[in-house]
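Down below is the structure, laid out as structure tokens.
In order of appearance the chains are A, B and C, and numbering begins at 1 in each one.
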């Protein structure tokens, strides 16, 4: 049908709270023949700057979203179509396009974007999306929060039930950590799973969260169906101590910017809004103590205190290890591990590979979780 | 040994004398040194008024707070501020109680509850209301005493503070040091009421007037008010009628005074002489015992002056420090 | 998900959280509870515009309504601070500074220095500032330059609810005397504010909009006029960087200079009267310290040298407007503005 030859480029929804975004720049002019996955425009949200990739192959026929313009999620920003589609048909398509109403009407999701639950570790903020036979729990890293998964959670929720939590000391969860250690964080994760009634799940952990997931698999194997370790701590001794110290010490944007830029292969992803959000978090009462005590316990002097690679090698659960080739925080050389773990090192990505190469990472996670040897 | 008819033990009487003598010597010596031109700025001398500060301060401890006036040396000494650091401060030296950055009019020692001599007349009254408020919240029975002169008693700050202390039942004493002159203006001209007790009752506080040159009168009246305040009985006003031997400030030609007024006062209303005479008359303490204190105090003041003269000045760096706790 | 509360509520929250955390925090002011001694309700007002409403129920005994005696109760707050408490005194309108200025100027501001470092006066004086309320000449002034001028005082002036909460919490925790200015016309303005406690450091300006063509600096209400101007300028393809000073003493001019090194052009917007204003202070300091980076003369957009008029049509002319700001930018970027 005519409709299928005309593909809209729409404002994406990155993350749970996004309702609108700003078009920054078009990377390709009208008339370009686009391949699937090609980067076509830059968009900025209140959380991050990012790139929209072509969801379809075809020619870029219409550019509608204007630079500096702000558009709601799913608004029409451009049109891709085959060369033989006439301008009149495209005009008609554009004229009749209606931006779907925000969120709740069209999503299957109802209920709040974030929730809070009392656990053995205190109050934990989390998001729960989607449904499916498999349950995935996403665990962020040092200084992060559940929005580190903003490019992943909705895609994963399309096929699985997804939980993403803020660890103690982070996000909007309780800031008191107790004794700072991987064991404490792992207990908090298990306590969270208890509180929300998850018996066992596929754990996906990033950076320090990877070490937490790995520790959990070692301490409470029956709770863990599989492991996905993304740019994970715990697999080697090296870590960028200057980054950790810089992150803990920075109290203003000027000091924080060069630190945060190290997380990404492309520092242009670090928008002013992203830095402001990190600063707002760091100013909360209790955060400075939580971060510095964790840094002292886990990453003192640029060395990782917990080395769990042996444990991973001996694990029964299927394991997937993903890394960005240009990771400046934890070297990608930690990735190849002995044992049965599948390893994927992705080019053109840094420590935040789950953001920079979200599509690829999402595909890998879904394949791992739904793999042929999964029990349902 | 004669029996002691006074409300203080012999040791306390000796202490009172020592305090008053220290104030007297301190001020008399400043009068001499100032005339030599060594002391920067202005000094305002308390000589002749010693009985007031001493009679009141003997009831106070370090948890109690006082706010003083521009004429603050007597209050400082009676409250226990170190004489050497006071002298060094007056000379503007780095070893002074305020590191040379306050001078005579701003000597303070918060560790002794001395919230500062104050160049702004009447400004201490609200501050002492704050001290009284803090004492109430702490519940430690502490009191605040604010000193101000017959002139400053007409400042709005003083009148507002009297009302505030009364409505909040604060443990504070308002002391009017009525020496008859506000700079050169007499109290008869500047103050409409004849007695400050009338003002007190007009504001809802109890008030008493005493002869401020009579140590025992001051001691007794102050004692009652301070005890009442400690027990939650609220504020009071104490008017002490007294005389100052010197001018408003050193350099004051004092032409507003009557001929021979200072000489007559020194001869007939010297609170120290009258205190000593009254006690030696009963034999509780002898003149010789007092003379020992006189000599000790003279040598203390001597030493304070020579130490101050030899002490280092503040450096250029000191100009910029201590504006804030942190900036 | 945003937790939107008003500037006024943010201040109430900051006071509540700090009173819970620290028993030496007390609040004094006229009608801050309301109804004292009167036959009707207590907490009748909770402040003349309701900012402190509800606190008395949670912290009764630590909120003290005062008589009409600014000298006495502002002085008492200062004295109590020097004796170990952390009072937050409300001077209802900063315009009333005249009746209690000695206690602030010659007492609180001077203790630490005059007493050789041996005093600490952790008092916060909260006051309403600013025009636009039709409250006329004696209830609408900024007066921020007068306090900024005094060594020993800190001066804080948030422009939004998030900053208001974090800066008030910081002010209460700070060990120096702080004048905390609340623009009365911002009280209803909402923003996303965390429920938790957080403190924003002093001396840190906030870049609220990035741009490459001109730097517009302001604080308080006119920060929002600057943002409006920036939106209008964007339509003429002039991209303005907008900086919110947040605190006037200490002031962060490093951030301003860093911006000027990028844009080369400065427009400083100040609702205070022009002589000896914050605008004059910022422009003079930046010109002296970053002259080589400037491509055009810095511009000051301020209120006129008049008292605040009553009639709305006049008061609206008094406050620097988005159009006035855009015109100043247009002048130094030599661009005509799109209609």
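Going forward, contacts are C-beta pairs under 8 Å (C-beta built on N, C-alpha and C of every residue); 3 or more make two chains touch, one makes a residue touch a chain.
On a predicted model such as this, the values are computed, not experimentally measured, just so you know.
A.B. asks: If you tally the C-beta contacts for B-C and for A-C, which one comes out higher?
C.D. replies: Comparing B-C with A-C, the pair joined by more C-beta contacts is B-C.
A.B. asks: Most central chain by CA mean?
C.D. replies: If we average C-alpha coordinates per chain, C lands closest to the whole-structure average.
A.B. asks: Report, in whole Å, the distance between the mean C-alpha point of subunit A and the mean C-alpha point of subunit B.
C.D. replies: The separation of the two C-alpha centroids amounts to 71 Å.
A.B. asks: Need the CA-centroid distance for the pair subunit A / subunit C, whole Å please.
C.D. replies: Distance between chain centres, rounded to whole Å: 38 Å.
A.B. asks: Quick check: in the complex, which residue numbers of subunit B touch subunit C?
C.D. replies: Residues of subunit B touching subunit C: 65, 67, 96-102, 106, 108-111, 115-116, 118-120, 123, 125-131, 133-135, 137-138, 144, 156-157, 160-161, 163-164, 167-168, 321-327.
A.B. asks: Could you pull out which subunit C residues touch subunit B in their complex?
C.D. replies: Answer in residue numbers: 24, 26, 64, 66-67, 69, 71-85, 87, 102-103, 106-107, 110-120, 151-152, 154, 174-176, 203, 250.
A.B. asks: Which stretch or stretches of subunit C touch subunit A in the complex?
C.D. replies: Touch residues, subunit C against subunit A: 1-2, 162, 166, 194, 196-201, 204, 207, 210, 234, 254-255, 258.
A.B. asks: Would you pull the subunit A residues touching subunit C in the complex into a rising list?
C.D. replies: Per the stated touch rule, the residues are 16-17, 68, 112-114, 172, 175, 251-254, 272, 280, 283-285.
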